[in-house]
Structure formats: C-alpha cells, structure tokens
Amino acid sequence: MHLAGAECNVAIGLARLGHRAAWAGRVSDDELGEFVLRQLRAEGVDTDGATRDPDRPAGLMFLERRTADVTRVRYHRAGSAGSALSTDQLRGPLAAGARLLHLTGITPALSDSARAAVTWAAQAASRSGIHVSLDVNHRARLWSRDAARAALAPLAAHASLVIASADELDLVAEAGSDEDTAVAGLLRRGVETVLVKLGADGARAYTREGVRHAPAVAVTAVDTVGAGDAFTAGYLSGYLDGLDLADRLRRAVTVGAFAVACHGDWEGLPRRDELPMIDGRPAGSTLR
Amino acid sequence: MHLAGAECNVAIGLARLGHRAAWAGRVSDDELGEFVLRQLRAEGVDTDGATRDPDRPAGLMFLERRTADVTRVRYHRAGSAGSALSTDQLRGPLAAGARLLHLTGITPALSDSARAAVTWAAQAASRSGIHVSLDVNHRARLWSRDAARAALAPLAAHASLVIASADELDLVAEAGSDEDTAVAGLLRRGVETVLVKLGADGARAYTREGVRHAPAVAVTAVDTVGAGDAFTAGYLSGYLDGLDLADRLRRAVTVGAFAVACHGDWEGLPRRDELPMIDGRPAGSTLR
Amino acid sequence: MHLAGAECNVAIGLARLGHRAAWAGRVSDDELGEFVLRQLRAEGVDTDGATRDPDRPAGLMFLERRTADVTRVRYHRAGSAGSALSTDQLRGPLAAGARLLHLTGITPALSDSARAAVTWAAQAASRSGIHVSLDVNHRARLWSRDAARAALAPLAAHASLVIASADELDLVAEAGSDEDTAVAGLLRRGVETVLVKLGADGARAYTREGVRHAPAVAVTAVDTVGAGDAFTAGYLSGYLDGLDLADRLRRAVTVGAFAVACHGDWEGLPRRDELPMIDGRPAGSTLR
Amino acid sequence: MHLAGAECNVAIGLARLGHRAAWAGRVSDDELGEFVLRQLRAEGVDTDGATRDPDRPAGLMFLERRTADVTRVRYHRAGSAGSALSTDQLRGPLAAGARLLHLTGITPALSDSARAAVTWAAQAASRSGIHVSLDVNHRARLWSRDAARAALAPLAAHASLVIASADELDLVAEAGSDEDTAVAGLLRRGVETVLVKLGADGARAYTREGVRHAPAVAVTAVDTVGAGDAFTAGYLSGYLDGLDLADRLRRAVTVGAFAVACHGDWEGLPRRDELPMIDGRPAGSTLR
Amino acid sequence: MHLAGAECNVAIGLARLGHRAAWAGRVSDDELGEFVLRQLRAEGVDTDGATRDPDRPAGLMFLERRTADVTRVRYHRAGSAGSALSTDQLRGPLAAGARLLHLTGITPALSDSARAAVTWAAQAASRSGIHVSLDVNHRARLWSRDAARAALAPLAAHASLVIASADELDLVAEAGSDEDTAVAGLLRRGVETVLVKLGADGARAYTREGVRHAPAVAVTAVDTVGAGDAFTAGYLSGYLDGLDLADRLRRAVTVGAFAVACHGDWEGLPRRDELPMIDGRPAGSTLR
Amino acid sequence: MHLAGAECNVAIGLARLGHRAAWAGRVSDDELGEFVLRQLRAEGVDTDGATRDPDRPAGLMFLERRTADVTRVRYHRAGSAGSALSTDQLRGPLAAGARLLHLTGITPALSDSARAAVTWAAQAASRSGIHVSLDVNHRARLWSRDAARAALAPLAAHASLVIASADELDLVAEAGSDEDTAVAGLLRRGVETVLVKLGADGARAYTREGVRHAPAVAVTAVDTVGAGDAFTAGYLSGYLDGLDLADRLRRAVTVGAFAVACHGDWEGLPRRDELPMIDGRPAGSTLR
C-alpha cells in the first residue's frame, strides 16, 4: 500500500527540498484517509488544510506492472472522498497564503464539484498574485480528451506556468494544435512559462523570450511513475529559490531523474543535499 | 512454488487467448499434484483427462537464478508420477476429440512408457486427422542428444508442425545436419511447417513454399524461461484462428515477448485483448 | 542482515574455489559476532584464529541503494570489536603458517591498534617468506586520503602484491602521482605485482616485465559491491594454483564477473567447477 | 490480495468436499474480476453463470487485524459490479438446475436490484422444488438492522434452511424476538431447519422435531473469519450426502473447525479425505 | 527497521489520543536520524525541539525474539547521538511551555551529559509548575542498579508522578526497600502519585489518600514490548483530560492492552475513538 | 528451504552446547547437498565424514502446516542420495573415533543398504566401547510398524541408550508390548537406559535402578517439530558432561523446551550459556 497522487508527489518533492508545502485535499475519515495524512505529515507536508469526509471512501489506484515495460493503472475514484472536493473547503487553505499554488488536471476529472473547486482556486489565487502552476496530467481512464480540454483550457488561462507532455499540449489549446501553436496560444493568454516534458529526452521550456531545451540526466530507469511530478517539484523549487530558467530546468531534470532511478512515486525524491549525488555518477557507484 | 511444464505452459497460453485447451498428464495424488491441477483449472484448462497416480511422487524442478544471466535447472523426475504416463491413460482424452494435439520432446525423456504413450498419441492423432505439433525441447539433464534423436526423429514424422531452436534441429534429423538439411528432411517426411526459434532474433518458418523470418518484438527481457512455449502457444492460436503464416508468426513472437518481459514461466501470458499492449511500447509506459 | 567485509569476502572467495582459507579478525561476543563466524564457517573458512571481544559491539555497515545507480554506505565501526584488533591477537594465526597473507586498507583505518596490528602482520609475514597482498580499498567515510596514505604507503612496501583502483594508486605513492609514477615507485620498493582494477574495463597488471591488460567478462551487472574482493580472490586463487599472470588475471576477472552478476557481497561467488559457466553465456541462458 | 465473499466461501467449501458447485455473481470486467473467477475455477467451482460487468469496478473489502483479538473490515462496495446483480442474470444459472440454492443476507444489502434478484431467485427456486438455504450474515457496515429485517424476514419464508448467529435471529423475525420465538416463527412459516451458530460453543439445530446441540471441535483458533461459511458448507455437504441431522451438524462443526484453525477465509477448508484429520488431534501433531 | 524509544512511545501514544505532544531528543544527522523524525512527524508528534547531531551515529537496539516467550535486546548506544543530549538543547523546548514533562530512566543511563540534561529539565520544569512524570524504566544492559539508583532517586524528587514496575521501585528509594517503604518515601518527598505496573495483573496507584488497584484488560498477548509506555501514555492522557484517578487507571490499562495485543512498540496504539474497541471483546471478533 | 533430519538436529544440538560433533551421511553432489553441508558447517558440525553421491538427488521433505494444530509431512526420499548410505562409507568416520554414536530409526527405513550400514555401525561401535544411542523415530510414511520392528528391535540390542515415544516402544520389543514389558526386555538385552518421551508431560527414564520422571519445562509452544531431537541432544550433552541421570533429564527437557518455543527444527536450539534463559521465565519476558 502506497500513497500516490500527483499533488502529493509535488508537495513531498518540495518539502524534501526544504520548502514549506501544504496539501489541501479531501480524504476518507478512516484508516485509509489517515494513511494518506500520515505519509504527508511524515514528509513534513502541512495537512492542516486537508478535509476528512465522513461519508465517502478513499480513492484507490491499482497499479499493475503488467510487463517489464508496461504498467497498467485502474482507478476506483468514482464517489471517493477526493471526488467530493469543494470550493468551500479550499477557502481556508488559500486564505492562509502562499507564494505558489500547484494544480493538476487530475482533480478536475473527478467530479463537477472538484472541477469547480479547482477553477475557483486558480482564479482566486491568480487574483491575489499567487503564482499558479498547472500540470495537465491527462488521465485517459478518468475522462476523454474532449472533456479534459473543455475543463483544462480555461483553467490554463489562470496559470502562470503550464506543464504538459507533448501529447497533452492540445488539451490546453485548440484540439489538434501542434506544439508551437499550442504554446503560442498559452503565452498569448498570459501564461508566462510552458514546460513540455519529454521523458528520456528531457524537457523544453517556452517563454516569451523563446525556447530552451534541457537534456535528461542519464540514470538507470527502474520506475518512471511519478517522474513528471518530480520534474515539476524540481522546477517549482528552483522558482521558489529565485533561480533563472536554465537552473530551474536543471533542477527539474535532476529531481525527475531521482524519481526514474528509484522505485515508488515519491519515495526516492532527493533532499537538497542529495541533488549532486547523481551528477554523472555511473551505474554501480558506491559512496563510502 | 510454481507450476512449470512445457505442455502446461502451452495449454495455459492457448486458454488465455480464448481457446479451449485440455491437458492430459499424470500427477501425484497428493497436495503437489492437486497444486498442478488447481493452477491449470484456474487458467481455464480442462483437466478432466489428467490422471492421479496413487503411488508416485510429483516431479520437481529446482530453478536457481545462478547469476543475472544464467539460470540453472535440476530435475527430480526419475520415478515421478509424470514419468509413469502410459498409453492407456491417453486413450480417453484423445477420443474426446480435438483439432490439435501438442507434444513436446520432454515427456518422452521421462521413461519408456511415457515415450511409448507420446508416440502412440502422435500416431493416433495423426491418423484421425488431428493436427499434431511437436516442440523438440531438448533437456540435456534428462537424456543425451543421441537418445533424444532416437526417440524424437521418428516422432517428428507424425507431426504437421515441428518446433525447435536452431541447435535442436538435428535431433529430428540426421545427427550433425545443418538447418537446411534438417528442415528439408522434415518437409520431405510430411511435416508441413518447421519453426526455428531464434530467441532475440525472432523465428524462421519453413514450409514447402519457402522460408519466412519474423523478428522478435523488442521488450525488456526479465525472464526468458517459458518464452519458447509462449511462442508456440501464440503460433498455435493463430493456426486455430485460421491466420496465415505471417500473422501466425507475428502472434507467436508477440506472445513470446510477453513471456520474456514478465517473470514466471506462464504467469505473464496475455489475454487476447492484451496482445496489442506491447506493440512498440517503450520501457516505462504507464497505461492510465 | 548480511555478512560483509573485504577480508571475509576474499577468504570466502578462496574457500569456494577450493583453497584452505582462514580469517583472523575480532568479533563481538554476542549474536552478531556469532553470525559472522557462522557464515564464515558455513563457507568453509577457518575461524579458529578469530577473537571474541567481551566488551565491544559488532561493527555495522548500513548499505542503502539510494537509486538504481548509487549505493550509500554508513559505518558504525568506531569502538567496535573489529577496531580493537591487536598485534597480540594475530601472533597465533600467523604462527600457524600460510602461503599467503591478504590485508586490506580498511582495517588500518579502524584504530591505532588495528593499524599497528596490520603493519606488524605485514612485516612478520614478509620476513617469514609469506606472500603478502594488500588491497588499498580506500573508505572515504573512515579516514581522509592523507591519513590513508600515511598508513598505507609504508604498508605497501611489505607487500608482494598491491591491488588498487586507479584513483587509489596515489594512496600508496606520493600524493598526486599518476598511475605510471605510482606503479614505478611500488615496483622499485619491492612490490612484485601491481593490479589496477578498472571496473567494467577489466584490470591492468604491472610487473617489472611490463604491463598486461585483461578485459572484463561481459555480464549483466546487478550489484557491483564486492566485485573488487572477488577479483582479488580470483587472482590469489590463480597465484596459489601456480598459474601464470595471464591466467591469474583471467580468473580474477571471471570471479569478479560473478560478483557483479549476483546480488550480495560474496553470495554469488563461484565454486571451481562453476568458473566456465559465464564464459560467453548470453543473458537469459538456462542450463537444463 | 485474497478472494473473499460468503457465497464464494460456501461454494469452495462444497467443491473441496467433492460436490459440484456453481457460483452466479457479478464481477468487474478487469484484472480484479478475473482474479475472482480464477480462484473459483481453481477450486473447481463452476463460474459459467458469472457475469462480467463492463462498467463497474470490483467490490473491495479491507480487512485489518487491528489487534490480536479484533479484526476490522471496511467495504468499498457501493457502485461495485456485485451491487449491480440483477434478476435477469440469475435466470440462466437457475434454469440450469440444482439440488440446492444457497443465499446470504449480504448480497441483498448491496443494492435494490441485488435484493430483488436474490428474492426472485429464492422464490423461483423454492417453486421449482430446489432446496433454498439462507445465511443471515448481517453486515452492520452495509445496512441497519431494520433495513436488513425488512429485506431478510420475507426472504427467509422461501427458505428450507435458515442459518444465523444468535444475535442475528431477530433479523428474520419480529424485532426483539428471543431465540425461541424467532425460531418458532420461522418453523411456522415453513422453514424446515434453523441453524444457530454459537462460535466456540458449537451450534444448535431446530426442526419441528425439536432442538439438537453440537459442540464445536476443539482446535487452536487462528482466524475465525470464514468459520460461519465453512460451517454452512459442511452442513450443506451433509445434506447433499443424505446424512441425518446429527451427522450434518458434526460435519458442519468439523469444517468450521478447519476454517478456525487456518488462516484465510476459505484457504484451509478440507477435502473430504481430510475430514478426520482434526478429530481429537492435539496441537503440535505431525503426520509423518 | 522500527522506531523505538520509551519517550517516543509515550509521545506517540499521547498524539494518537489527540493530545499535542512534542519530543526533544537528539538524533544522528543522517538517514537513520531522519527516519526517527519522519516516524514521529507521521504520528503528529512535534519534532521542532529535536536536535541533529552532525558527528555521532544513531543509537541502535537489536531486538531478537529468542523464543516465543523471551525477547533479548542488545544496545549500541555508547557514543550515539542520543547519548550526547545536553542541557542546552533542552532549554528551548522547555521554554516553549507545556503542561507536562515526561522523563524516563533510560536517557540518564546514556551519558553524564544526558543525565545532567534530564536532571536540569526535571528541576526547571518542576520549578515552572510543569507536571513532571518519571518512568523508572531500568535497563540492566545500560547500567547497574546502584548506578541507576544514584541517578534516579534524586530525579524522582522533582517528579509529581513516578512510574515503576514492582522490581524497579527500590531504584528510587533506599536499596532493598519493599514496595510500601519505597512508595512511602516517594510520597514523603513530594511525589503525588506512584504507579506500580504489574503486567498481566494490572497496576496499583498510590497517593496520599491510599492505594487503588486496576486489573489489566484481558486480551491475547502477542508482544509485551512497549506495554509499559502505552500504560503511561494512557495514564497521562487521562491526567491531561482531567479524569479522576480511577478513570486515569482505566485508560492506562486499556492503552496498555492495545500494546500487548499488537505487534510493535507503538504501532498498535489506539486513537481516541478506538478505546472502547477492546472492552470485553473476545478473541476472533470481527467488526463489520 | 530448511535443513532437516533427525541426526542433523542432534548433531547441531550437541555442537551448540559446545561438544564436538560430526555427521556422517550421504548427500547429493549438487547445490542441495552443498546446502546441507553448509548449514552443518555453519553450526560447527564436522562434515569431513559426509559423502557426496554423484548420481542421486537430495532427499526432500515437504512440510505443510495444514492447520494450527496439524503438520503434514511428505517424503521424496526413495532413490535419494541418503538412501544409498552404505557400510563402506561409515568405516572411515567410525575409525576416527568418538565417545558416542547416535543412530535413528529413520535411516534404516530408507533402503536395504542404509539399514545394513546402520546395523554395522551399531555393532562396530558397540564392540569398540563407543556408547551407542538409538532414537526409534518411527516414520509411518516410510515403512510399516512391522517392517520397522524387524529392523529396529535387533538394532536396539547394540544400544546402550534407547529413546522412544510411548507409542514407539513396541517397535523395539514384542509387537503389542506395554511400556513396562518393552522396557524390561530392552534392559534385559543390555540396554542401560530407556528414555520415553512424553511431549508436554516430560519424559521417563528407565534404568536397572528404576524409573525417574522429569516434567517438561513450561513454555509457549510454537513448533513441536524437532523437539524430540532437541531432547535427545540435551540428554546426550549431559551424558558427555558426566551429569547424573536427574541432571541429564533436566537438560534434556530444557533443550526440548527451546525447540518447542522456537520455529524450525533446530534453529532455536540453545548455546550452553542460554540454558538458564527459559527457567521459569513467563511469556512476554524481555531481557534488557
């Protein structure tokens, strides 16, 4: 039994890097919900803004390594506590203030109320000058591309930072847009930075100044699940530290590489003093 | 503790692909024998034709992954229930009818009676118009190449389909024959198709029309044990579905690739709807 | 819980290859110390010369596979039984006679008395005509390079054989020496053979006759910890068997390859009849 | 991950004892649903009447051994495939014929359609002269006692055999009835036999001829979950074998004792030839 | 690998029961120290007052279940981070204020500085009107009874509450005192309450008003390690809630019973809503 | 995978208690045989007299904990290396000298040659003044009571010490003899001591001086397999130490209690300094 969840992964990634992070989700009021909060607290993520749902069960994800190459995921999230996320529940945590609000395209897929809540939070944060980041994170088993686009494209307009894999870009743009068109549209609508995750090829960052590519850090890949969230946590960490774009990207691909070279969604994420550990370290290195 | 056995693997492979498969072997009449039947039943393989031996113990195989590259197998099969397979026991199952009878070169290595039984079954099936396939499957720890050849070369003459790795071909031909000579001899003696398993290089299929090569499906190899049986199950599935040779081979290498990319002899074999799953899917793919 | 220790690994490696090997260390007089001796005895290593320390705890090593590529080691060895190794304790075992005394640069790092004991043993053995081998084995978490050099460079002068990785060579030479200079100095001071371990690139052996390179045996690497000790055990085995340098090196890289292709520090080391097993054997080989 | 389910347990118990048993439930059309069917098939339970639901997920049960004495269960069954059981789905299996239909009070708790389906099946079977047994099996986390009584009391009227623990009896009678009153009412409404499960105290069987008590078989209790279903399977096995009431009860408590003395819901259930195994066998017996 | 430590156990016990608890110890500045803090944070224990020691390793405890009845413990705590606890480190946490300071007789056994720190904290807390509790917790492997008495008897004079097993009482009194004499002396020196832990016989509480006995809650014992700390946490929880002595004792034996009926030192400790769970619940109860 | 074997258990028991013990059996010349020798060596048992059989496989025992109370054993020993034990193989070990030769009634059940070898050894030892002990150890799955009696009754005549459970006594006497008659016959035939193992009731020792009963040491029983061999090892240890009968019996029941209170056949056997550990120690004791 493992804690999983894109927002949790990012929050843990930031906490491990020494930032103060809080998670404002909705969990079941039972042992499974307590497990979620227990793990987040263990990692130093503030869970004061989390809500316990007295009526709904925990959302579940069954992850099967079907072959050495293919992992298959099944969700049991319909009617879960998380799907009942509501705007009211987010008012308090947002009022507590933050420099950054990170949202994903997964929560809006869970229910109407969750979608409304996320949209409200994006707007409210944006209006208060809080930096909003959105990771598209399309989950095909939760909704169609069209449904996702209808919800996420407007949401992206509130974000300063949009993160997507190449094949997710047109979910925050016109259907069928190519990368350049989609990015251009986002930048035009006020997004400051668009990060395109390229897996083993690293990432591209688009701003109004142009595009910059960062290669991936070469590591032995054992589990790519969570790598995107790790990348995002690394980037946001660099943003919070005031790094320039090149250094943010470098931190992003470094943290992503830790996720790829370790089992688990977030278990292998680095502490700040571990960041240099994988730089150019060949397989089979022993530090003693 | 795992169920293993070339014929079991093929039967399970066919059942997973939606075919009706039955297994007619001999098991010990104790918990170990029950374990064998339990697993086959679980996979939907008909075990009505299996026999419980009241006197003999289960055959055992000790499989040791000696290094990352080398697996070592020890057999405890002398005097086992399986070695007491007899012609009488096969009459019923064969009389029940089938489109296809699959045999391996392992069972004939176990005892005189087992060899006689397999030979009888091949003849009887062949005479009744049942398609007979034979996988050479040489086990050097069970018998010498000469002993194997003496038994298997005549057996092959009853088969429509002969399957062998390249270095097994001369066990169904003149000792020392090269591939072309061995294949030519088999085709001359009435075999319709000869499949040569080439591991990571795929497979070659010889018919009177000529030879066709199918490359392997590229996957991350974690356990090659059982890959040959998976290949065979895939080919036979294509045969039963009426596919042409090219499509049979493609299914064969696809099913074989599942076996290679999964742990266990048969545990990772695909259901029919999973066949497309590994086509061109890079390592680290997550289906969600 | 695993037994680990460079000298143990070498002793086990030699015992597996059929040589008589004894280990003369100091263990805690409790369950952990008994565990060390139990494992050595199991492997056929003579432990009559080992000492039980009634007062000090076992030394511990925490080994964390931090990522797929990086293993991190923490030592709890300060004040351990092993650190109290003394000259007196070694008199008996050395008096018992041996053809070969193998020492490492780890024990001298544990305490002043351990360093004195190792130095005494090297001198005494050398004077008695016992072949002395020294593996530099620098442990940065135990002492600095300068401290190591101050202890190990004099020690090396008593050795007939010095083994080091390329970046350890200047710990038995002038600080900052390059490979050629360091080796030349060692040979000048009486060392007969200098082995430079190159990991995946094999090894180089220097004698007064010149230099010889042996490539590594290609295997799938799953755990490089212990590979150096395995290499050493292979080389020493060849020495004891009277092989020439080329054959010693070949045995060394073969035994090292076993360590690399198996989990554990010594668990996968080969028996003599297993040595040919990995020669040119491709991944996924099954011996049956 | 384990298969659990009162009806499955009973079906497996009967199959292990050599009876032909079939299970007619509804499972998710994914790996979890396949797991359910796989286990049932392995045990020789006919699953031809099972239905795969293309839309709904598997029902789940989280079982936590909270202390050595207390096990806590949480259900995720709302909206599950099983909850969508419908009358139509049961027509075929019932038409296939049976001597006995076993129902539990759990399925009716899952949904209106499941309740209707169970009620229909009880009526239809009863009308066709099929012996109907009903185990009350109240699950407080699924519905209230009042809701259960409203559904189960009418259902009991179609049953020949009603099984309940002492505190469940008033769920098939007037609220608040004591044991005698509740039993009398059931017998008056046509139930032939009422079994009251008393745990470590064995069981009582009421018929119009009177009451009979059977003590439990003394075993070391390691897991009481599933003991009631095992008891039921034993009783039904005796019924199918034509045993008299005393012998049915004796088999019932014997099979129940196996469940109590083994881990798992059904994993330890006996084959017929194992029934004598626990008779008066003291703890620590070794059969060799 | 498990977190253990009497003070940790008590802090976790209180946090699980809904109290605010903080732990002020000293941990190694590495993965093992982080593990300690991680677990405490997970349980909601405030670790802001904990100190990371840059130089010393984690203290270790090896726990071996030697037989079903006897558990053997070995400590590696000499020179550990925890042994370097100092008065200075405790000033901040104590200045932060608390209603209660809980101390044990283990920490003073670790070093002179730890003993001084604990003594200072007891005095300072006592002077500030903070309720001080002391659990004698004698560890024979850490110090002799005489050494313990010399340190703990003076310490007890600062405590309002002293907790001991019957054979530990004379460690806070004259050597060789019987229970009555030892308790009388403590009460005379200002201790308000003396709790004597009696294991399966429950506990006795002495105050100036007299003595009260509380029987243990009957549960199946699977692991008595940590039961004393659980008892203490329960008592302190009752104190913080303003319960009277009888109710404090009842909560103490209830929480202790959870520890006894669960594996681990603290893993099975109850949340507040779970307290009624074990009241009179027979073995084999299933809550569903 | 565990080492098991009555003679091995006794040899390990003696070695743990500080005696020099050697084992002279026959093992397969493969990894399984090496495993047997490895475990014996680890325990300090001399294996120089063991023989490796180049042709026969290891004997196997499948041990299934069928319920909490009943363990079921299946042997695969027909044709095993152990069954090929021969007189010739025992000449060397016996010539090496010993104070004591321990034999069991299991080995004679394996084959004619094993029976002849054991009989020869008993005679030869007896003639050389070596104390011979025989544990009847009837294995019903290996041979009938009549076959056992025919072999063991003559064998017992060479023994100074005969050990049996109460229901095994008539296997070294007239069929159907009661305990007194059987014992009297043995004493008359020259046996000095007859030990009757009574499980939880302890043991009785008969000599010409009369009978003495020793109660069992009260411990929590978790695994009775191997308890008889532990009892025997304890008795023989007392014999070798020159203890009187009462003290031998006390050691016997103490060592037996360790086996009962620990999992495994021999894994929990005590070292000499551990013997006092369980004396009157209640369940849940922690030594720290």
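When the chains are written out, they are named A, B, C, D, E and F in that same order, and each has its own residue count from 1.
As a convention for this text, contacts are C-beta pairs under 8 Å (C-beta built on N, C-alpha and C of every residue); 3 or more make two chains touch, one makes a residue touch a chain.
Labels paired with UniProt names: A, B, C, D, E, F = Sugar kinase.
Since we're looking at a predicted model, the values are computed, not measured.
Asks: Starting from the defined contact criterion, work out which chains touch chain C and chain F both, please.
Replies: B, E
Asks: Sort the other chains by how far their Cα centres are from that of chain D and give me the top one.
Replies: C
Asks: Specify, for the interface formed by the sequence copies chain D and chain E, whether it is same or different in terms of residue numbers shared by both sides, with half as the dividing line.
Replies: different
Asks: If you tally the C-beta contacts, which comes out ahead, C-E or A-E?
Replies: More contacting C-beta pairs are found at C-E.
Asks: What's the distance between the Cα centroids of chain A and chain D, rounded to whole Å?
Replies: Distance between chain centres: 46 Å.
Asks: Counting in whole Å, what is the centre-to-centre distance of chain C and chain D, each centre being its mean C-alpha position?
Replies: Result: the chain centres lie 64 Å from each other.
Asks: If you look at chain E, which of its residues touch at least two other chains?
Replies: Residues 72, 221 of chain E each touch two or more of the other chains.
Asks: What graph shape do the protein chains here make by touch: line, ring, star, complete or other?
Replies: Per interface graph, the chains form some other shape.
Asks: With touch defined as at the top, which chains are paired up in contact here?
Replies: A-B, A-C, A-D, A-E, B-C, B-D, B-F, C-E, C-F, D-E, D-F, E-F
Asks: Please output the residues of chain D touching chain A within their complex, sorted ascending.
Replies: Listed in rising order, the residues are 30-32, 57-58, 60, 62, 64, 72, 74, 76, 78-79.
Asks: Any idea which chain F residues touch chain C in the complex?
Replies: Per the touch definition, chain F meets chain C at residues 38-39, 41-44.
Asks: Spell out the part of chain A that touches chain B in their complex, as residue ranges.
Replies: 66-73, 75, 139-141, 199, 221, 223-225, 260
Asks: For a test of understanding, state which residues of chain E touch chain D in their complex under the given definition.
Replies: Touching chain D from chain E are residues 219-222, 258, 261-262, 268, 274, 277-278, 281-288.
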